[in-house]
Structures are given as structure tokens and as C-alpha cells.
Amino acid sequence: MQLKRPKIAVLTSGGDAPGMNAAIRAITLACHSSGYSCIGFFHGYNGLIDDEWCELTPRLVNPTLQQGGTLLKSARCKAMLTSDGVKQAANTLYKHDIDALIVVGGDGSFRGMLELEKEWRGQLIGLPGTIDNDLAHCDATIGFATAVQTAASAIDKIRDTANAFERVFIVEVMGRHSGHIAFAVGLATGAEAILSFENCQPPQHDAILSELTTAITQQQQVRHGSYLIVCAENLWPGGASALQKALKERAAIDSAVCILGHIQRGGSPVVNDRLLASKLGLAAVEAVEQQQHMVMLGEIAGNVVATALNATVQDHKPVASFWLKAHRSALKGDLA
Amino acid sequence: MQLKRPKIAVLTSGGDAPGMNAAIRAITLACHSSGYSCIGFFHGYNGLIDDEWCELTPRLVNPTLQQGGTLLKSARCKAMLTSDGVKQAANTLYKHDIDALIVVGGDGSFRGMLELEKEWRGQLIGLPGTIDNDLAHCDATIGFATAVQTAASAIDKIRDTANAFERVFIVEVMGRHSGHIAFAVGLATGAEAILSFENCQPPQHDAILSELTTAITQQQQVRHGSYLIVCAENLWPGGASALQKALKERAAIDSAVCILGHIQRGGSPVVNDRLLASKLGLAAVEAVEQQQHMVMLGEIAGNVVATALNATVQDHKPVASFWLKAHRSALKGDLA
Amino acid sequence: MQLKRPKIAVLTSGGDAPGMNAAIRAITLACHSSGYSCIGFFHGYNGLIDDEWCELTPRLVNPTLQQGGTLLKSARCKAMLTSDGVKQAANTLYKHDIDALIVVGGDGSFRGMLELEKEWRGQLIGLPGTIDNDLAHCDATIGFATAVQTAASAIDKIRDTANAFERVFIVEVMGRHSGHIAFAVGLATGAEAILSFENCQPPQHDAILSELTTAITQQQQVRHGSYLIVCAENLWPGGASALQKALKERAAIDSAVCILGHIQRGGSPVVNDRLLASKLGLAAVEAVEQQQHMVMLGEIAGNVVATALNATVQDHKPVASFWLKAHRSALKGDLA
Amino acid sequence: MQLKRPKIAVLTSGGDAPGMNAAIRAITLACHSSGYSCIGFFHGYNGLIDDEWCELTPRLVNPTLQQGGTLLKSARCKAMLTSDGVKQAANTLYKHDIDALIVVGGDGSFRGMLELEKEWRGQLIGLPGTIDNDLAHCDATIGFATAVQTAASAIDKIRDTANAFERVFIVEVMGRHSGHIAFAVGLATGAEAILSFENCQPPQHDAILSELTTAITQQQQVRHGSYLIVCAENLWPGGASALQKALKERAAIDSAVCILGHIQRGGSPVVNDRLLASKLGLAAVEAVEQQQHMVMLGEIAGNVVATALNATVQDHKPVASFWLKAHRSALKGDLA
């Protein structure tokens, strides 16, 4: 029996992440290599609702390999939270005679696929694309490596001025509700403190302020110099500025605040994101050929692994315990 | 008559700026080339108050040419606002038998020199070191080129995600009370709007909101895409977040805010700052030889020009009118 | 009398330089701002020979502001060395009813304009675009600042490994037949030796080898560490590898060679190149309005200055003597 | 029974790699955290021969986390190829009462440990430090990620100028006798051809020239544009220049050559190298505590794995077959 030659559609959804273009390019080249047709919908699921799309060709996608953002644009889509919206999306896919839809995005985007599956009978393949690295069943999400590199390079600069002034800095990094960025960045920049969900739970805030105060005071005695606190967003009630205020009121410690913000989303993807996105993009087209459905493809220990979409939405990916230990050990060694 | 071989001291004061190390290095090498002695005081004028210093040698300064921050540390110094403090500083200079003090800093640092001159009879030479470029009588201050490059590179990244989401962004840049950074960065990144002291005075805030609203709406009709507002710090009452809120309340325009902050102070100096600082550092030692006193050395049209310190403190350096015109022209062309 | 509304054409010619896109963009926006028509010819003068062109619109040019290369492509064009080719080019300009042609390029490109003027009666305006900075009557050419920054960043990396191995490195930089890049890069990276046309003439090669040998030996006695020689391309007969061989044979000095090559041509333009190109692009459209003809527009001391094209082709721009002096002084101080 | 508190020594050996400083820092901090003594020998094994060393303290190592090169310097050491040299090295270790020696380097450095083991009874632990990634039993060597990022960023720049001129470029990358760098860089930059040991064996050179000629010609028909060949060093007899010449003679194809060279060794380590080096550095001190000996610690699938040193010297690490397949697929898709 001969397999029908698929027509494949792609969209990028949710917060954009560096490397999404590399994924789109790999999917496009793999489709052309296999003689498949390939189109892209714009603005995440909104492109399905509004029937906004373009044909994806090598000429279009090749120059985007090294570019940040996503040529298909991204967006969150409220319509997908309604059954009318989901039906509308399914209709557009039927209208274009799409065999498989590949969605690059985070857990919200995958939830959209769970809904879409109720209304549409084509194949659905997800690729993990978010800077936050908060998707289980993959070692890293597309965009994480670049976000971490951008944040670390920014903090290297902040360290220069912090050293010049021998100053305490609180740097807030992204990560939504996980500490992957905070720990990777904090360890890579030698941050004196990393405050994240994994080592700093809400009821402990008072204890944390005490620890910070003791550590900063102790360091000032051991050696002068800067003291860098990397803080995950959404961690401290009121954000980094509230922490700054608490340090001042509690212990008369002056500090400066930097919220790195959206620079962490953009920029040319680093090599690791380009390679990861290329690998998963190629694998996604292979997965379509292999009749896979309702799975996310992630890289684990160098291999592409398919996991049921609902597992990726439910499961939590913890920060490797090694990093928490490494952070404690580094601090202890520094003050020894 | 033979000139006495001078003993020269250096300090970096006020907000640190990339290139300060290059200036210290050039002064040190020029001193060694001429057989002079050279020492550095730490933490700005505090090093004079507290007698904290080190000998400056080629071996120490050479590796710092490409490093941000300042090996002599920097600080603001409240003691220099008191006559006791100034006397203390003068005593330290007498104690070390210093012939000339070279200060790298901004207008606050130069005011310290005006005070010091009353109590100390050595030569005083200032070099313009501040990222804000708000010192008259020089084309650019040491640090400005790097700050502008760092901010522009950050905004290039923000543009990626702004494009992906077709979103309005308000990016706040440094500059204290001048728009040099805002205009250079805004023009270099193709910002759709630049809000700075030069084109946006306090009483006009209401008019500005109207203009912004019109322009954003108009652009959405001409073409989709991102809309980037570069806003000078200290300009909008309440800062970028207040502007964000005003846009939302006034015109239901959603926007995101990024405050670039201290990343603009750090990082390896760009070539222009290394060359400028090297040039002025060498010139400072020559100026000492030529018995100059109470001047700031700045580069104007490629030449080193000496200006009386009190003039540098009083005079205002406007943003070149060409840039205001260029910005208006670019906007008009974009929407034509 | 009413001025005819011009139709303006642009081309980029000769070696491409970062910032050419920014110039094309500024010309395009200025044209749209004034209601002019604006088209671009591809591949330098070849686009005139072959009638290959595109309309230039804000939507097309805006995203290129921060991109290296040139959207209009560039090339050298042999046909322009023949009278038939020049006539063909003129015919294309007549056919499109072009009023003014703006050429961004180096002295070879300007020579093409001198020929074209014999056959075509429209206005001709040149903008200095070459990484080599070897055009007189302007402080810097478009592309120079980026090339220098790229080369300096590369040499900063080489310094790391040179330090680790305490090794002599010969780094060859671009510049055609001038030392602007060599001196800017060498001084910005603290190179121990800069070999360029300005301080190293062909008959002196033997003397230079002696000096190098003495200096390297002397440094090894004063302090261990790396020794970095920045060498202009086209300077040493046989290039950097021949110099390496000569050092080995003459004085048993081992060294490593790096030829930076074409990385110096590419990359996102630095802020200075974006601003310079934007300024000159806007000024070029103004110059058309002012009926200027057969001039190059360059920035001198912050002002846009028009110079007759034949002067730009004939005159030589020397490296500022300050830099030669600075280099000698730094070396003397380092070994003092 | 109480374990004796070890005195640990570190050295970096062979070609230096970004991240070596991060490894030294992690070892130092872990030692201080555990109350061990920690010293470093300079210039690889030469420091053992010549008894050149320094104490490693947090104050010394902390600022080097983000710096390229190695504060302990590196070198190759001929004396370790003689039995007298090895005995001398052992004597120095006895003299300093060293319990464990940690060597960061490549296979040559590990061979030195195999020799040293014959003469010295302390513990020997190796960490994989080389940009070439040519050590088996670890996913990546320290320095590989940075080298690949630097090379890819350089090639992104070359692509700009290659596009502007629609030109064929041959870019030679490092890697000694393996294609890890060539494949990672080639895939990450969308190179049209990757020539490496894995897909291009010596006897096939003639066939390769034919394939290249066909592919370049074919691409020129499908689309204009640049054609980028990434070529591993030591692959083509005579190097990239010989390949350039062969393309010209064989098929009249003009091309430009860039040899990226030593820029690939230097520069601030990327986050992945900082994290990998920190992890392995901490693990090395743990391994000492656990009485491990004659092993290399590598990261495999996120875990630290110890492998017998002689296995690491003998075994070959192939480039993942996925990448060869990905490269073929991308090319096929591009030309489809």
C-alpha cells in the first residue's frame, strides 16, 4: 500500500523563542526533500482562525536560519479556548487539505492541540519551543540555550559595573514559574545568590532575607567586591524592586535592580538552538511519515524521543539537583 | 631650566564607564615612557580621603585594555562636598608628593576638582568619562560609544520578539538628563518614536500621548509590525511603566516595557572608546608636561582640545539638530 | 520656477561594507518623505548594464537597517571599463527616466561615475562605502567602524590563546593599500607591533625584521607573555606566512599566523556605521534637491561636506600621525 | 577510619580551550569548601618539570570564570616523552606532598598521565578539555561549544559578504582529525557543503570535486546566491587554498578562502562550557574523595561518568550519524 504524500502545515505559538525559524526551515527543507507540500500559518493559532498563511519554500526559509523571532509570527490565541474557535481552526485545516500540523510552542500551545484533536482528524506533532525550558520529556526546549546565553552576557556586563562600585545587584531573569534560566545563568556567571522556586519557597521569604543579609555581611568581611543576586521572575512578591526595598528596610543594604526582560527572547539563536531546532524539525517530518500523532518530539541524551502530548502538559521538569548542590558548594568554597 | 620629573596620580570617579581602564593604561604607559612615577587612587575621591592607592605598572594595566569597569574602582564621594574632606584629599596628595592628578569622570567629578584646587597646588587635569555624553567641549565622552552599542544590540534583540508579536515596546535607555544615548540608539535601531528632553518637554506630555496614539494607529493601517518607542530615563514622570499605563488608559494601546539599565555601563569597550581613552590618556600626560592645569581634555574633530574645567561644568551639550531632523524625516518616509 | 520631482536610483558597488543597507534605507525613506520615486539597481554597475532593478520601499528596506551585506548586492563591473558598457549603463538610466544616481562604494566605483558622466546628463552623487577607510575628504567611510570592531573582537580572542601559550602571533588585517584598519585595530588591542605602509616601507624589511627580533627578545626578558603583531594585508611580500618564515629563519622565533579575511566585511553594522550611513543617505537626497552633481558626500567633524569626485579619487588619506606616535609611546612605556 | 585531607594540584595542558578557567575555579572552590589545599602548576606538565606553581584561592579564580584562555597557562611538553622528564614531574609532586593531580586537556595530556602513573603513586584524574571534541566517553569536551559558537558567528558574517557578491566561499575550521566542529558549524550556518573526514575520504577527492562542481552549477540554475563550503582542517591535501585552486582549474569556479584559525580557541566561554567545566571541576574533587584514580570524568546524558584513561586515549568518538543524514537531507531539500 502506498502512503499518501502528506501536505504539512506549521505554526509557531505562544512566546516566541530563538530557533523557531531554524525549526521552520528544517521542516520546509525536509518536506521539499521528500516531495511534500508545506505551508505555514501566521500568528499562532490565529492563522488557523483567520486563514492567514503562506507557502514555505527553501528560498524563503533559508535566510532565516540565523535570525531571531519567527517568520510565521507568534501569538497567544483566545479563540482556541472556545469550541467555536477550535472548530474554525479545524475547518481551515480541512479546507487546505492538511495531513499533518506541526506546532512549535510551549505547554499552552500543546493544550491547543489537545483541543484541536477533538475536531480534526489529521496528525498533530508538537515541538518544544520556549525559552523557559519548562517542558518535561526533553533535555532542553528550543530557545533556552540562547536565552541563557543572552542573560549571562548581560550579567557579565553588569558584573563589570558591580565590581567597579563594589555593589549589590539584583538581576531578575525570565523563566515563568521555573528556575531553569535562573540556575543556568546564575551558575554560569558566578552569582553569589540564586533565588528561585527550587530553593526559595514563599513561606520562607523571611528566612531568605536573613540568609542574604548574613551572607552579604560575611562577604564584605572576607573580601570586598560585588554581590550578585540572580532572581527568577514571579518569585518574590512585588518582584525585584520589592526585594530591593526589603533588603534596605531589613538590613540597610543598598542594592541596584536590573530586570533583563525581553532581550532574553530575541537575538540570533546560538548554535545549540539552531542544531536542536534543525534536528527536531527534520524528525517532525519523519514522524509524520511514520504516522505518529499527538506526540511531542524532544531530544533526550542526543536521541529524538516522542512523548504523548498530554504527558508533556501534565509533567513537571525539575532543575537538576546537581545545580542546587553546585551552587551551595560554590558559595561555601567562596566564603571558606 | 629643567622640568621636574612629575609624579602623576590617577583616579576614576562617578558612574563607571567602559574605556576607563584604557585611559588608566594609556596614562601609565605614557608615564613609564617618560620615566615618570604613576600611582592610582581607589574608589574615586574616597581613595584620597582614605589614602587607598596602588602603583600603576604596565604589567598591571596592560590586560585591562579590553575590560569594562575600572581597575581603580569608582564611587561617588560625599566627603568631597565638605571642606574637611577636601583638605583631607589635598593632604594625601601632598603626602605622596603628587605633581599632577588626572581625574576621569563626569561633571560631578569635575566639580570635585574645582574644590580641590582651593586646597592643593598641584596640576589638575580632567578626562571626560561617562556613558551619558553630557559633557560639552568634546565630541564624545569615554564610554558613550560602548553604551550606545550595547543598548542598540539589546534593542535589536527586542525588535525580533516585537516583530514576532507585532507589538508596541517602550525601551528606556540611560542618559541622565540628556538625550544623546536615546537619539543615537533610537536612530541606529530604526525606532518608530524617540522620546527625549530635546523633543518632548514636560508640559507637552498630553500632546505627546496624542501624537503617539495617532502614529501607532496610523502605522497599524499602513503596515502591520512592531512599534518601538525609545524613551530617555528621567523623562516621563513615573518612568516607562507610567507611559505604558497612560497609553493603555488613554488609547487602549497594549505595550511591553524594557528598562535596559546597568547593562549599558559594562562590557568590553568598543574600539572607539578604547582609541578615545588611549588618545586622551596619552594627551593628559603631555598636558602635565606642558604645565596645563584646571582643564578638561576632549576630542573635537579629531584633535585634543583643552577647555577650562568650569566651562565644562557650566556648558550644555545639545544633541545635534541633524538627528532630530533625521528622526522626523525617517518617520515621515516610513508612513508616506 | 518649480523643481521637477526627481526619480532617484541607488546602487552599491565594489567590496561590500556593513552599513550599505542603512544608506539604502535612509535614501529610500528620505525619497518617500519628499514624495520622490526611488529604485535600486542590483550588482553594482552590472545592474545598469543588465537592467536589473527593484523598487525601493520602506517595507523592503526597514528590516535591513541592522543587517550586513547589501540588499542590492554588490560587484565589480568590467563592462564599465569599456565605452560600450558605459553607454549601455547611461541608456538604462535614460530608459528609466532617472534624475539622479547615488552610488555607494569606493574609489573604483567613483571612477565609474567619472566615466558615466561623459554619457549621461543626470546628477551623480557618491557616498563613501568601503571597510578600508582609504577615501580622502571624509573622517570615516561607511563600513570602517564595523570592520575595525570585528577585527578587534577577533584579536581579543586570539590574545586569550596567545597568553595561554605565551606565543608570538602575526595577525593579518584588511585595508587594501592603507593602514587605517591596521592602526585602529592594533592600538585598540594593545598589539605589541603594528606593521603597515605608514611605518614599514618595502626597502626597510630587513631593518624591520631586526627591530622585531630585538623587541621580542627584549620583551621576553622584561616579562613573559604573548607578543602580537598586527600586519596590514599587501604589506609583506608573500603575506603573513612569509613574515612567519622570515622570523623563524632569521631569529629562530616561532609564531602563529591568523589571516582574519572576509569576516571583516560582514556582520551587523555597529552603531557608528548605521548612524553615518543614515546621515549620508539623508544628505544625498538633500544634495539631489540642491542640484549637486559629481560630488562625494562625507562626514568631516560632524558636518556633511561635498567634495568633487575627481578629488576623492586622486587624494590620499593618511593615517593620523597621532596614532603612529601613540604606538611608539605605548611600546616604549611597555618596555620601560 | 578517617580519610586524609587531600592536597590537590591542577594543571591545564595541550591546546588551550575556553572553559579551562571555569574548571580551575570549580576545583578551587570545591577544595576550599571541603577544607583541602589546592595549588596549580603552570604551562602544563612543564610546571611539574620546572616546579612552577601558585596557590589557588577563590579571590584568584573567581574573576576568571568568564575569561578565555587559562590562568595556569598551557603548553605541550616534550620532556614528558622522556623517562627522565616523567621522573622529574613525579619528584615535584612528591616534594609538594600532592595527593591528587587533576589534568585538564586532550588525549596527548592523558597520555602524559599514563606515563606519570608509572612513577607516582598519587591519584590521577583527567577532565576533557579541547575545542576539537575528539575525546570519546563524553558528550562534549570543555571548549567545544565556544569554538563552535565563535566559528558559526564568524561564518554568519562571511555569509553576508558571500550573499552580497553571490560568491563561493571555502571556510576552513579547526578540529584536528575529526569533523565535530565542521559538522556542528556547517549545519548551524546552513553551509551548502560540509567536507570532513566522515564524508570525504582521501581517495575520493576526485569524486568530491565532481560533486561540488555539479552542486554549485545546479544551485546557480535553481537560485542565485552564495555557496558556502565548510572544510575541516587537515582534510584536503594542501588545505583550503589547494581546494580553491582545484575548483578553479577543474571547473573554472572562482571562490574565496577563509581560514578561521585561532579565533576558535579564544574568547569568553559560552554558558554551556562554563556549566560543563564547573560540573566536571566539582566532580573531580568528589572523585578524589572517592579514591578514584586513572579515570577521565565526562558528561554523558547529563550524568558525570568516569572512564579509564587508557580507553579515552584509544577510543574514537564518531560524529553522530544524524548530522550526516541531516546535511544530505537539507541539501536535497534546498535543491528540490
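Chains: A, B, C and D, in written order; residue numbering restarts at 1 for each.
In this text, a residue touches a chain if its C-beta (ideal position, glycine included) is under 8 Å from a C-beta of that chain, and two chains touch if they have at least 3 such contacts.
Predicted, not measured: the structure shown is a model, and the values here were computed from it.
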| item | value |
| --- | --- |
| Neighbouring chains shared between subunit A and subunit D, ordered by label | none |
| Furthest chain, CA centroid comparison against subunit D | B |
| Centre-of-Cα separation between subunit D and subunit C, whole angstrom | 35 |
| Where subunit B and subunit D are represented by their mean Cα positions, the distance between them in whole Å | 40 |
| Euclidean distance of C-alpha centroids - subunit B vs subunit C, Å | 28 |
| Multi-chain contact sites of subunit B, meaning residues that touch two or more partners | 156, 159 |
| Full enumeration of touching chain pairs | A-B, A-D, B-C, C-D |
| In the complex with subunit B, residue positions of subunit A that touch it | 12, 16, 18, 20, 43, 67-70, 73-75, 150, 154, 156-166, 169, 256-263, 265-267 |
| Interfacial residue positions of subunit D with respect to subunit A in the complex | 25-26, 28-33, 35, 58-59, 62, 65-66, 139, 145, 148-149, 152, 156, 159, 184-185, 187-190, 223, 268, 270-272, 274-275, 278-279, 282, 300-302, 320, 322, 326, 329-330, 332-334, 336 |
